[in-house]
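Presented sequentially are two complexes of chain A, the first with chain B as partner and the second with chain C.
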Partner chain A sequence: MVSELGFVFLTLTLVLSSLSFAQLSVKGLGFEVFNFSQVKLTNAIFFFTLTSFICLTYSFLDSDFTLDVISKNSNSQLPLIYKFTGVWGNHEGSILLWLLVMTFFGFLFSSSSLVSPTFKDEVLKVQNSLCFLIVSFIVFTSNPFQKSFPPPVQGADLNPLLQDPGLAIHPPFLYMGYVGFSIIYSISVAAMTEQSNHFLKILKPWVFMSWIFLTCGIGLGSWWAYYELGWGGFWFWDPVENASLLPWLTASALLHTIVIADKKKILVNWTIALSILTFILSLLGTFLVRSGVLVSVHAFANDPTRGVYILLLLASISFYGIFKFINHQKQNQENFHIKLISREGMISLNNIFMLSIAFTILIGTIYPLFSSVLFNTKISVGAPFFNSILIPVMFPFVFGMILGPFTKWNRDDLLLILNRIKILLLSLILFSLITWYINFRDPVLSIIFIILGGCIILSSLFEFLQILRNKNRLIKIPKKMIAQILAHSGIGLLIIGATGSSILKEEKIQFQEIGESISIKDFNVEFIGVKKVEGPNYLSQMGEFKIIQNNKLLTILKPEKRFYNSGKQVTTEAAIYSRFSGDLYIALGEVHENKTQWTTRIWFNPYTLWIWIGVIFLASGGLFSWFNSLKKRK
Partner chain B sequence: MKPKNKRLLTLIAFVTMTSLGFTILLVSLRENLIFFYSPTEVFEKTFDSNKKIRVGGMVKKKSVEKKIKEIDGRKLEEITFIITDYNKEILILYVGILPDLFKEGQGVVVEGMIKNPGVFNATNVLAKHDENYMPPEIKDIKTIKENSNGI
Partner chain C sequence: MKYLFIFLSFLYLNVLAIEPNEILEDGDLEKIAVEISKELRCLVCQNEDIHNSNADIAKDLRILVRKKLESGESKKEILKYVHDRYGDFVLFSPPFKFQNIGLWIIPLLFFLLMTFFFFRKS
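Moving on, here comes the complex of A and B:
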């Protein structure tokens, strides 16, 4: 009953949003036939979608196996929290969540009192049209309210890998990021129709908000992969990971550019272009995940018609945006000149780098697709490709990051800048020499990258000290600078963490007898034994390992191998002992016939904790900017 | 310098930089491609023993064997299994922990090198998220199998 209601509300959403879509299409042809309040329509669309989503959630919690999705992705024995997160642990539900977020952002935008009514109307028209495309995709190709016939007595269970708190919150965060860019797209498209620069102030908070969510979403995803998959790594250059990084890179370029655009009223067209590009790349990411065209760990069993539909959707949204942009560009040529050695110049450099990196990753990600279509060869692009391109690019990138914040607007001089930061330069050189001296036994590349990361953190610190000195003269600390300092240090931490956990990691795989000790780094890992533990819907074999350093017991790690009752699937739960200097990471393998020996895989991953701290720094930098831009809107 | 010349210079610099970047990109891409083959194709071609390739197929039933081996004073588990496309078979050698979703009679993709003829040294056995998921490469093999009534 509830599920039928859910479908009715979904259909109502389809009908209502089609009105906006029709209006936009008719207007594109030069007519102006209907007129109605987009605000009221947006609110109705949001509440209908919300009701529909609540209906689906209720059916999941109620284990209503008459629904196909629930019978395939849930189970009555499932803990309540995973019955709930199971709503988006499958294709249909996750697209409904996507729609919900999209309509919610539309709703938020419509309730803003700072936007002029005509502009609001224009933005919502585009946003509702986007909703129409998504909701028709749901209704026609991935209806979560599809009945299963005959209804099974028991569900097949949620994929055990997804029964994890990290993964439960990863998709919503990622979607908030991806979908946030839909409103950025709508604002930019509407701004081209309205022809005003006023939109930049409206756009800014949305850019920061989406960027924060996307950053957290990617961070949560790699954190989950790190502890759940038992591979000891956090980033695998998997196509789907790359797909989430692409909009992140262009959004990072966007949030630097929008600062100039807002301040100097130049690069406005470029801002619009980046906004549109970012949303297109977000859609591309969804296409790659949901169509299964690429060989990826994320690829789920899929229906090819969905791929075709998403491709059409992607093409129409891209063409509409690009078409509008080209027309707009012709009418609004900007005449400006940017000096390289100036804040604007530095930010432009940042844009060039961000886009080059994005382009490289895009090529590496979709090349296998082209090759299989055009040459019928099956290939994949390995991690070495991405590393070989990114490593050299990092050098100018980091230099720019260090110099950029100390460069003045309009025009500056390199010698003057260097003179201004001579104390910093001296300490950076000193730091580099000391780091080199301490770590000279490590691989050269790792030392260089740790120095680069450290230099960014030091220069951010230096900037902070400069502000503090200013504060004594009773000048208010600019929030923008705090945001930049936090985010840049975040990148520094990220570089160090990534270097440590890739180049410097140590790995030991062995057959370990109960009672045997393995030494790794300066730890002794003693295998105590394995015991059986019963979970709510699984049976676990829990290994116990004593971690001893300098004859002192630090902790006992308990990696698990879980057997899920329903799907007969096994998952590995790694156990991690985290410290600033590095993570001790243990994954339990299989038992040998003699029952006293187990395969164990032990890693020491230096500085991995810094990655997660780096992500938190990035996100909090974003938060500062977000709040700042919200306040400045008025 | 005249503004016109300056603009020309910028343009030339821009074009050179972009084309240089693009060349580096393509060269690096060529070097780092990993090709995918079926066991039949592996027998038809010769391979550089230092170049990584991927081989995919079904894990032959009852072919998985585990032996304890001592390398550098450490006891390791050496796993051997056979991958088949129902035409040719290839022996895989792997040291490490198999992914959770590895099962006899199911599809798998391995990455590694052919050191000696007929033996594939796998450095990586690829994991998947979903038990129902089949890499497209293996799907083709499965259709072949179904068409020929499971030889």
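Moving on, here comes the complex of A and C:
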């Protein structure tokens, strides 16, 4: 009953959003037939989608196995929290969540009192049309309210890997990011139709908000991969990861450019182009992942109709945006002259690098596809390729990051800048020499990167001290600068963390007797034994390891292997002891015939904690900018 | 968006990658073996190097790499040997040849285009 209701509301959303879509299409042909309040329509669309989503959630909590999705992705034994998060633990439900977020942002935008009614109308028209495309995709190809026949008594399970708190909150964050870019697309497209001078001020908070969510989403995703997959790594250059990185990079470029565009009224067209591109890349990621084009062994959605539909959707949204942009560009030629050594120049450099990196990753991700179609050869593009391109690019990038904040607007002189920051330069050189001296035994690459990361953090600190000295009172420090300092330090921390946990990682893999001690770094890892523990829907073999340093017991780590009742599936739960100097990471392997010997995998991952701290720094920098831009909207 | 990744990795989770008895006693040689392993793709997996994969073919390759290292072959020779046998697909950084030139040229052109766009004299 509830699920039927859910489908009815979903259909209503389809009907309502089709009105906006029709209006937009008819307008493109040059005449206007019907007029109605987009605001009211947007509200109705949001509440109908919300009701539909609640119905699906209720069915999941109620373990209604008459629904196909639920019978395949849930189980009555499942803990309540995972019944709930199971709603988006599958293709159909996650697209419905996507739609919900999309309509919610439309709703938020429609309730803003700062936007002029005509402009708001234009934006919502585009936003609702996007909703129409997504909701029709759901109804016609991925209906979560599809019945299963005959309904099974018990559902298959939610994939055990998804039964994890880190993963449970990660997709909503990611979607808030991806889908936030839909509003950015709508605002930009509307700004080209309905000339609005202050659209940049309206756009800004949305850019920061989406960027923050996407940053957190990617961060949470890698954190989950780190502790759940039991490989001791956090980033694998997997197509799915690359897909999330692409819009993040262009959005990062966007949030730098929008500052110039707003302040100097140059590169406005470029800002529009970046906004459209960012949303297209969010969609492209979805297309690549969901269609199964890139990776064919995909249990999730290897359905050609879906692939074709997403491709059509992607093509129509892209062409509409690009077509509008080209027309707009013709009528609004911009003349600008940017000097390299100036704040604008430095931000342009940032854009050039961010986009080139994004483009390289895009080419690397889809090139195997080209190659197999054009040349009929299968090639692989993986971590070594991406690293080999990224590593050299990091140098000018970091250099720009250090110089940029100290550069003046309009025009500046390199010698003057260097003179202004001579104390900083001196301390950077000193820092580099000391770091090199202390770590000279480590691989050269790792020393270089730790120095690069450290230099960014130091220069941010220096900038902070400079503000303190100039202003002498804390209250007046511009939020913009705090945001920039936080975010840049975040990148520095990230570089150090990533270097430590990839290049400097130490790995020990062995058959470990119960009672045996393994030494790694300056730790002794003593294997106490393995006990059986019963979880709510799984049985677990829980190892116990004493972590001893200098004859002092630091902690007991308990890595697990979980056997899920429903699917006979096994997951590894690594145990991690985190400190600033590094993570001690243990994964439990197989037991051997004599029953006293287990395969254990022990890693020491230096500075891994700094990655997560770096992400928090990035996000909090974003938050500062977000609040700041919200205040300055008028 | 990560689901794909999850499902794929899930297929290979029962046993974790390299086993203790495969590891060479000579630490320096083992380091090179790991380096090589990370350059080679597990042919039946999705985006996994042979070091982290537990598929049989990955295991065979790991053992082969180590045997060849012990018999004194260099990293270059071993990579070449595996490449000759299994083709381009096995290498994670594609070989530099005509069909793959786009991987480097297209981003480079893009970079130049962007630089021109921002810093052209109008």
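We take it that the second predicted complex is superposed on the first by the 625 of 634 C-alpha atoms of A that agree within 3 Å, B and C clash if a C-alpha of one lies under 4 Å from a C-alpha of the other, contacts with A are read in each partner's own complex, and residues count from 1 in each chain.
Here is the rule we go by: a residue touches a chain if its C-beta (ideal position, glycine included) is under 8 Å from a C-beta of that chain, and two chains touch if they have at least 3 such contacts.
In this text the structure is predicted, and so the values were computed from the model without any measurement.
Asks: Once both complexes are superposed via chain A, do chain B and chain C end up clashing or fitting?
Replies: On the superposed model, which is not a single observed complex, chain B and chain C clash.
Asks: With the two structures laid over each other on chain A, which partner does A:Gly285 touch: chain B (first), chain C (second), both, or neither?
Replies: second
Asks: Residues of chain A touched: more by chain B or chain C?
Replies: After superposition, C is the partner touching more of chain A.
Asks: Contacts for A:Phe511 in the overlay, against chain B (first) and chain C (second): which applies, first, second, both or neither?
Replies: In the superposition, A:Phe511 touches chain B and chain C alike.
Asks: State whether A:Asn335 touches chain B only (first), chain C only (second), both chains, or neither.
Replies: It touches chain C, and chain B stays clear.
Asks: A:Leu174 in the overlay: touching chain B, chain C, both, or neither? Say first, second, both or neither.
Replies: Touch status of A:Leu174: second partner only.
Asks: Classify the contacts of A:Ser388 with the two partner chains as first (chain B alone), second (chain C alone), both, or neither.
Replies: Touch status of A:Ser388: both partners.
Asks: A:Phe375 contacts which: chain B (first), chain C (second), both, neither?
Replies: So A:Phe375 only meets chain C here.
Asks: Quick check on the output: what are the common chain A residues between the chain B footprint and the chain C footprint?
Replies: In chain A, residues 159, 161, 229-231, 295, 297-300, 356, 360, 363-364, 367, 377-382, 384-385, 388-389, 509-511, 569-572, 587, 589-590, 599, 601 are touched by chain B and also by chain C.
Asks: Along chain C, where are the residues that touch chain A in the complex?
Replies: 1-11, 13-21, 23, 34, 38-39, 41, 46-47, 49, 52, 87-94, 99-100, 102-103, 106-107, 110-111, 114-115, 118-119, 121-122
Asks: Under the definition above, what is the set of chain A residues touching chain C in their complex?
Replies: Touch residues, chain A against chain C: 89, 91, 94, 159, 161-162, 167, 170-171, 174, 178, 221, 224-225, 229-231, 233, 236-241, 243-244, 285-286, 289, 295, 297-300, 335-338, 340, 345, 348-349, 351-352, 355-356, 359-360, 363-364, 367, 370-371, 374-375, 377-385, 388-389, 507, 509-511, 569-572, 587, 589-590, 599, 601.
Asks: Can you list the chain B residues touching chain A in their complex?
Replies: For chain B paired with chain A, touching residues are 21, 24-25, 28-29, 31-37, 52, 54, 66, 68, 74-77, 95-98, 100-101, 109, 126-137.
Asks: Quick one: which bits of chain A touch chain B in the complex? Just the residue numbers, please.
Replies: Listed in rising order, the residues of chain A that touch chain B are 159, 161, 229-231, 292, 295, 297-301, 356, 360, 363-364, 367, 377-382, 384-385, 388-389, 508-512, 567, 569-572, 587, 589-590, 592, 597, 599, 601.
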